[in-house]
Structure formats: C-alpha cells, structure tokens
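Multiple structures are listed underneath, in structure tokens.
Two complexes are shown next, each including chain A; its partner changes from chain B in the first to chain C in the second.
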Partner chain A sequence: MNKKTPYILIMPIVLLGVLFIYGLVNGIIQSFGYIPAFDLRDFTLDYYVKVIKSPTFLDSLKLTLQISLISSILSAVLGTILTAALVYTGHTEGKALQIIKLAILIPHTIVALFSISILSQNGLLARLFYKLGLIDAQTDFPLLLYTKNNIGIILGYLWKEVPFVAYFSLSLMASINKTLGEAAENLGASRLKSFFYITLPLSMPAIGKAFLIILTFSFGAYDLPFLLGATVPKALPVQAHIEYIHPDLRHRPYAMAMNGLILLITWIMAGIYYLVTNSKKIKGDNHERS
Partner chain B sequence: MELEIRNISVSLSNKEILKSINLTVENGEFISLLGASGCGKSTLLKTIAGIIKQREGSILLGGKVLDRLPPHKRRTVIVFQDFRLFPHMTLAENISFPLKMMGVNKSECRKRAIELLKKVKLEGYEDRFVDEISGGQKQRVALARALAADPVVLLLDEPFSSLDVNLRKDMRELVLDLQKEYKITTILVTHDQEEALAMSDRIAFMYNGEILQYDKPENIFNNPVNTIVADYFSEGTYISGEIRDRRFISDFFNISANKDNGRYKCLIRPAALKVSKANDSDFEVVAKVYQGDNYLLKINKKDSNLKLESILNEPLDIEEGDKVTIELDKDKLIFIPE
Partner chain C sequence: MKDLSSNRLLKIFLYLALFAILAPMVIIIFWAFANQWPWPNLLPTSYSLRGVKEIFAPYGKVFPILTSSITLSLTVALLSAIIAIMTARAIVFYDFWGKGILDFISMAPNLVPSTVFAMGIHVVFIKMSLANTPLGVIIVHLIYTLPYTINIMRNLTESIGKDMEQQAYVLGASPWKSFLYISFPLLLPGIIASITMAYILSFSQYFVTLLIGGGKVMTFSMIMVPFIAKGDRTLGSAYALVFVISTLLVFTIINTIMKRFQKRKEKYNWN
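And then the complex of A and B:
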C-alpha cells in the first residue's frame, strides 16, 4: 500500500468533520448575536436570556423532554424484550436480523407517513375498527396524531428505536447467553433467572449506550414532532426551525440560541450518563479493595 | 450416583457428532473421556448436562431417566474450560450463585462460599472480582462454584488445559483430593493422555464420535484394542506377523507371545527396546535426542526400512553413528489383531 493511501482514505471523514465543526462553531457564534451579514456585530447573551425567559420555550422544553424520555425508556424496555426473545428463540442472525435492519433503514419522514395512513382517523385502523363494527363512525377512533399527549410521535419513534436497541445489543446478549447464561443454567438457574441475574445485567452497557443514543437523538430531532405533533406547544427543535425560517433574518440568533440550548442539554444528558456509569465502576472498584 | 449412557447419538448442523455411545460410570468413580480435538468428548459432556439434546438414546442417573429434565434440574455440573465466572459478581457471589438458586439465605450463602474458598486455598479472596485474580485462581473458584451446586455428577471440560505445567499438577491434586472427599461421580474431558492415566479409575477413549475402548488406565495402555488407541498413548514401530502356537513370527524376529493364533501387528514402543554398543551389528544409531530425564535413540536397520526407537535412561557411551545390538522386552511388546 502506498504511504499516501491511508491519508486519502481518511479524507472523506476529515472533510465531513470539518464541515460539522464549522457548522457547529458558526451556529454557536450566531447564537451570541454575531452575524455581520445581517449587521449584527455585538456579542451578547441577550438572545439566550430572552429564549429562556419565554414561556413558549419552557413549554417546548418540557414537551421535548417528555417525548424523548418516554419514547427512549419504552424503546429500551421493548427493545430489550425483543432482543431477549430473539436470543432465546435462536434468531440471532439471518432473516430476523434483516427485518430489524429494514425497520431501522426506513427514514422518519416515511415513518410519519405510515403513522398518518395507519393511526389517523382516516387511517387503516380507524377504517378496520369501523368495518368490524367496533366504532360507530371513523371519527370515534381515538385521536392519536397532532394531540398534546404526543402518542403519534412516541409511536413513530418506537417504530425505529425498538429495532435499533435490539440490533445494538443483540450480539452482546447472544454471546453472554451462550457462555455465561449456559453456565448459570448448568448451576441450577432457570432460563428466566439466568436472564435476570446474568444475561441482562451484563448486557446493560450495550442497552445503556443504545438508550443514550436514542434519547439524545429524539431530543434534538425535528421531523417527527413537526409532522405528527400538536400545534401548541411545539417541540424545541420545531420551535427553533420556526425561528430559523422567520421572515425577519435578524431572528436567526434566537434559532441558534435554541439550538445552543438543545446542544447544552444533550451534553448534560451525556455527562449524567457518564457520571452514573462511572460511579458504578468506582463503587465496584472500592468493593474490590475492601 | 451411577450414571448410565445408553445408545446416545447427537447430530449438530446435520453432522453426526456422537454415534451410539454407551457408557456406565459407577457411583463415586472418576473417569476420563480421552481423545483428540473434535472427537466428540465435550459434546458428550454437554449432552449429559442437558445443554445439547441427543437425537436418540437415554441418560440415566441412579436408574432415573434424565432425558426430559432441563439442565438446571439435573445437578450435572460442568467446570468449563474457559471457567465462565460471572464478571459482575465477587468471588463469594460467584460461589453463592448456585446456592442462591436453591433458595439458601444470604448469610448462609456467604458462609458456605467462604468455606469453599478455604477448601480451594483462596481464603480471604471472597470480596475480590474475577478480573483481579490469576488463571489458576479462576480455575479454583470455578471448581468451588461447581461444588457449591452440590453436583451428583461433576463434569470437568478440559479444566487444566489453559494452566501452566506446575499449576496443572497442583490443580490435578486438588481436584483428586476434593473428588475423594466429596465422593462425587466425576467425568474429566481431556486430550492429555498423561492426565487421563494419572487421574482416572477408567478411561473412555473416543475417536470420531465413538468410544473405541473403555478400560482401566493400565489395561488401555498395555492392551490397546487397535493402532489408533495404541498410537495415542505412545507411538512406536509396528511389525506385521503371525502368531502360531504362542509364537509371533515375522520377517524381523520370532518371539513367544501369549495370544491366540492369527495375524497380528506387534507394537514396539521405545520402552520395550534395550540397546547395547556393538561393532558388528546391523543396527545404527541415527539420532540421540536429549529429553530431560532420558535420551531417545533413533535406530535404523541396515538394508531395510525398519526404524526403531529406544529410551536410554543412563548417559551410556552411545553416540550418533554407533552400531548397537537390540534386545526386546517381551513383556512390553503389544500385539494388536490385524
């Protein structure tokens, strides 16, 4: 291999990295009110202060946290159950895995269209319930989309995130079950006990990482809340998008301040995850030495 | 408790791994499943433990059929080659695990774990984690954990293969001491013939999914049923010939042999051949290999393909190129029917 080949091969990721960092730094600078093109030249925290003090922001923050936490917790739980089912039925490769990958590959916008065609009052389920005589009219079908309970958005996230958790943790759980799970059963543990005492605790690092990824993703994601969410309150990324496309371009720092806050909260989430997992390790270390 | 294996056949991925295996292990007996890698010995062990399901045949423990009993109810406990200790638990928690599964209370579990750690000479290690101990110590913990499960049959799956030579010897002694103390019916899987000979009451020699010979160590070593078994224990030179009227007749030598008439192969192992220096002999030393306790002499016969080996215990004045006379110890010759 030519000496230059590794550098050439790494170029695409370097270029993408540069673009990402440029966008991030540019966005942060703009959030402090510095956009010379729009004649904004003073560095200030005013935009952050105004955004934080706005009641719309707090409602949006609460809503976004609620959607991301509920969808991520449910996805982690259901994804773990799906993984366990695949492991214990021996479907850790082949067709089952392809189906899981397919669900992950479908984009969120397509998931939103599926949700509308299946879950809306004109959708497949409403029509089926009406045909079966379970409801008197299609409008009697419970409102799942565009509502303040955000069931539609959460179901949309579950569509992709449950298979994601399963795909992310499957190989680890399968290998633990094959070796240590087998040993636990040999030592007198039933399959259920072997799962809860051995396989699940040892699979938690992978499940925890998958949870963090989907939590931070759903906290910052824009498409599903935009397509399936209620009119008010709006999710934080949707609110930021509205500010971004405001006809008055001098509103841009508000959008960037909101993005800055989303970034900050995401980092805090990652920090809490790191502290929690690290403290467990430290506790373990102390225990080892006592 | 007596273990009986009746006509067990196992297929994995449409490949026949075990072919109609029959084996009986007496109560408290220590037997070895000996054979090369891939002969099916670990599969047989896992079949006994219920981890692998047999295609046909039955496993009986104390006269009771185990076939439908799930692995966690069999009390046939394996000490795995890779130990399989639980990394998120302390050593005491690892050993307590089977007790916890039996419903023993926490304080009793810990007390028993500490007792067992003492038995395997790891007193004071109860609160350590698995990644804090050495391979030999892991082996001891795995053994203690298996004993905690109160096994009816203890299954040892090549437990010493990852240990160094000195540690292996210590562990063998420890296993034998504990096996005698607890009087557990034990099956050791090994590919090490010395280990099998030294530890077992009986050895089942496996080859290609079948048991070729099941016998006491002395018998299997001195009276192998075929050349496959014979070669596994110690290689040597085969001379084809015939026994007539208690005398083995071949192109190279005639010697008395206490066997029935028929065609035989006479196996001459190095220990059966004595040499002494002589100038007018057809046999020449072509190599002298130092082996620590002794020397191995490689000897060729002039004008023939006959190649022999001999062990020289004393550092006699025999060197490469020397002519030697040979003497066969007829008690150490092995006759295998052709």
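And then the complex of A and C:
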C-alpha cells in the first residue's frame, strides 16, 4: 500500500504527543523560575532548593511516599492472592469477574464516599463496634479519616487497586496455570509448590507492571488525599495545587518545582522497576545456559 | 487433603473480597434513600426520595450537566478509539521514521501524573484560548486515555494480522473497503473495550477537568465531588448512584450499537 499511509495514520497521535511534550517541558521550564508572563525571567535552581529545604515539603513527601508504598505493596500482595483465588477456584470468567470489573469502574471520588460512610466515627463500622459492645461512644472509635495516619486513604486505595491487580494479571496467570502449572502437578508437584515455583514467578511480569502502575498513580494522585487527607501535612499533588492557585503569582514556580520533584520521583520508581526486571531477565538467561 | 484445605482458604478469600467490593455499594444505595439514619442504627430509621428528587429538580440543572458530561466523555472515548486504531495500525503494520519515539511517547502519559501535566499545560492552553473550553478538556482527557486504548488496539491488531485484509485488497477491494469489511469487524471487541475504558477514565476525571475547565466546563464529577467533600452522605450517595447507573447504561447502549453493527456487517458479507 501507499508509502504515505503510516504518516497519515500517526498524524493525530503526533499532534497530541507534541502538545503533551510541550505541556511537560513548559511546566519544567516554569519550575526553574522562567515565566515571562509574570515577569519572572531568571533561570535558577533556587525554587527547587527552597522547596527541598522546606519542612512542609518534606512532611508532604514522606506522607505521600508512605501512602503510595503501603497501599501499593498491600494491593499487589492481596491482588495476587485474589488472582490465585480466581484461577484456582475456576472463576476466571462470569459473575465474580463482573464484580471485580465493577470496582474498576468506580472512580476514586466515590471511593472517598465509601470511606466516609464506613470508616468515620459515626460510620457503619463504628456502629457495628458499638452494637457488639466493643466501644461505648462514637468518640471511642479511632480516627481514620482526615488524620495523619491516613488509614482511610490507604483502605480506599486498597478497595480500588486490589481488584485492578487481579484484573490486570488474571489472563496471564490463568494461561500459565493451565499449561505449565498443571503439568507440574501431573508430574507430582504439590499444588502449593507448583504455584510458588512455576505459576507465580511466571506471572510476575504482569503483577510487577500492575504494581508499577498503581505505585506511580497513587504517588501523583489528587482525589483521595484531597477528599480524605489531614489539613497538615497534605499529599504532594494537593500541596502543589495549593501553591499553584496562590493569589501571589510569583508563587507559581514553587508549585512547578514540586511538580518537577513528583515527576523525578515517579521516574526514579519506574527506573528502579526496569532495572530490577531487567537484571532478573539476565539472571534467568544465565540459569538457562548453565 | 492439603490441597483441599488451601482451596477452601482461597474460596473464603475470594468471597470475602467480593463481599468487600459489593458492601460499600449497597451502603451507598441505603444512604441515597435514607431520610433519617441516626447513630447507632445499622439501618436507616426512615426512607425518602429527597436525595433523588433534589438531584433531578429542575432548578438543580443536574440533568443537563449529566447529558453534556456524557456527551463530552463519549466524544473523548470515540476519538480515543479511532486514534488508537490508527496508531496501532501504523506501529504494527508499517515501518516509518520515528517509530521508536512514537511508541515511547504513546505510553509516556502513564509516567507523568495528570496533575503535573495539567498544571504544566494550563498556561499554554490559556495562551491558545483552550482553557475553560470543552475542547481543551477533551484534549487533556484524550491524552490520558490513549495509553490504555492504544495498548488494547495494538495487542488485537497484532493478533489479527494483515493477511486477510490483504487478500481482499488483492482481490480488488479498495484499502478502505478491505479494512472496513475485514479488519473492522474483527477489531470490534477491542473497539468496545477501548471506548468503555476511555469513557470511564474521562467520566471519572475530577482534578484535570477542574483545572483546565476552570469551572466553566461542568461535568458530572464536578458537581458530585463538592457533596463528597462536605461529607453529605445522602446527596453524595444519590450522585454516586446516578454516576454508576448512568455509566452502566451508557456501556449497555455502546455494546448494543456495536453488536448491531457487527450483525449488519455479517449480513453484507453473506450477500
């Protein structure tokens, strides 16, 4: 067919791609303090230095890392168990999967509402505890929302991401189990052994990718920490937005420097992921050769 | 024996997980229709249609916003699916200059949080007069749905291959016709998956719409979130219920239309 065809086909994605890069680069340039529209023309690292030195930022960073790491690790582990449960009990399609898809369809904003109606001090869980005689009053129930422990946010992410991990890695694990896993069992391996030595390691690419997606997502996400977070410290994206809408427009580069750091950390996470997965591949190759 | 017990544990885990997914939704339904639900009752003491009535009261303008929000997200979804089909075909079937870069860029939005990108592009959009317009919001939504839709369409395009379409072409059909009558019906499941995926991503967006739309472009999420932020459980739940039901309705309609499309194509093929 025509030589021009591929260039016609990629026209829209190239246009959007250029816009995407333009927006990204523009944000990064602003983070160095260059915003001619606001009469800021010095190219400097000052904003980054000031942001990194400020305790507000460090608290936010710690909090955001904590939320995203804890929720993502727990989601990956529980999601893997859920995937295994779906595969080994023969629920790889049908109603169970529909329910899991339903969780993927619900936005984080509505998940925040779930958290509020279940986990707040007059929420359903507190009521249940009261009826069971575990607590005597609303105030005896631990604060889970709008506080520094961020349990409400983490549980919210779990509700969303555990089904996501299961949905994401289900087809790979199901196909591996059907072929290699069952072969190992036929050859005499116990089901537990065949799972931990065959099915799980071979399913790792999908599980790892799902983990990276939820880790970077929850690190840069706004909705849940905005709706359920404490007043101080705030999650990084929420803090960055506060700086962004600061009435003094000369505050803008601080917001952009925070965004730059969010970006940098996101990329470091992705970099570590690729390093770890690639080094595993190399090790695996050696193993095959020897 | 050991296998049996581990299987039972997995079953218990599965049912617990499914319960944990469904329980909050049931609670939301109760809240949406609760009139009074005082502490420490586990069920509402009286029910009413206040929440639903308030949502669909003519002065609330919720219904027009819901329709325009659905239209906006459907536009994003259709564009995203079309661009994904085109990009997938280019990457899978052709060699061209810059293929590697394009491949990377089409997935890059996954590695840039949408908050970071939205704040970066905002000034650009103000200069281009795209800020506070539906078009601006559609463009940003589109950028963030494409990694997912391109991924779906790429895998499918790869597995279907080009052979059958090429045969139609060799037998004298135009390239466009051989795509429309051969590949398109085969791609249909992926197209449905792409459209639903992009739709839900766009319909759920809150921050990006708030920033780029500047409060001028109202979507359903934009009017729902303030009630959740206030902790208003009755109205928040009523909105959430409308959100879920409208989404499921849209999905059913997309599915029916696409299936009908497929049937009609089959009829043509037989004639």
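Definition applied: the second predicted complex is superposed on the first by the 264 of 290 C-alpha atoms of A that agree within 3 Å, B and C clash if a C-alpha of one lies under 4 Å from a C-alpha of the other, contacts with A are read in each partner's own complex, and residues count from 1 in each chain.
What we mean here is this: a contact is a pair of C-beta atoms (placed from the backbone, for glycine too) under 8 Å apart; a residue touches a chain by one contact, two chains touch by 3 or more.
Fair warning: this is a prediction, and the values are worked out from it, not measured in the lab.
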Clash or fit, chain B versus chain C on superposed chain A: fit
First, second, both or neither for A:100, with chain B first and chain C second: second
Contacts of A:118 with chain B and chain C, given as first, second, both or neither: second
First, second, both or neither for A:190, with chain B first and chain C second: both
Contacts of A:182 with chain B and chain C, given as first, second, both or neither: first
Touching partner for A:221 - first (chain B), second (chain C), both, neither: second
Partner chain in contact with A:65 - chain B first, chain C second, else both or neither: neither
First, second, both or neither for A:242, with chain B first and chain C second: neither
If touched residues of chain A are counted for chain B and for chain C, the larger one: C
Superposed arrangement (fit on chain A Cα atoms) - minimum chain B/chain C Cα distance in Å: 9
On chain A, positions contacted by chain B and by chain C: 190-191
Interface residues, chain C side, partner chain A - complex: 2-3, 6-7, 10-11, 13-14, 17-18, 20-22, 24-25, 27-28, 31, 39-42, 82-83, 86-87, 89-90, 93-96, 102, 105-106, 108-117, 119-121, 123-124, 139, 142-143, 146, 150, 169, 175, 200, 203-204, 206-207, 211, 221, 224-225, 228-229, 231, 233, 236-237, 240, 243-244, 247-248
Chain A to chain C touching residues, read off their complex: 1-2, 5-7, 9-10, 12-14, 16-17, 19-28, 30, 35, 37, 78, 81-82, 84-86, 88-89, 91, 96, 99-100, 102-110, 112-114, 116-118, 120, 122, 124, 126-128, 130-131, 138, 159, 162-163, 190-192, 213, 216-217, 219-223, 226-227, 237, 240-241, 244, 255-256, 259, 262-263, 266-267, 270
Residue ranges of chain A touching chain B (in the complex, touch as defined): 179-180, 182-191, 193-194, 197-198, 201-202, 284, 287-288, 290
Residues on chain B engaged by chain A in the complex (per definition of touch): 49, 51, 70-73, 75-78, 80, 82, 84, 86-88, 90, 97-98, 101-102, 127-129, 132, 145-146, 149
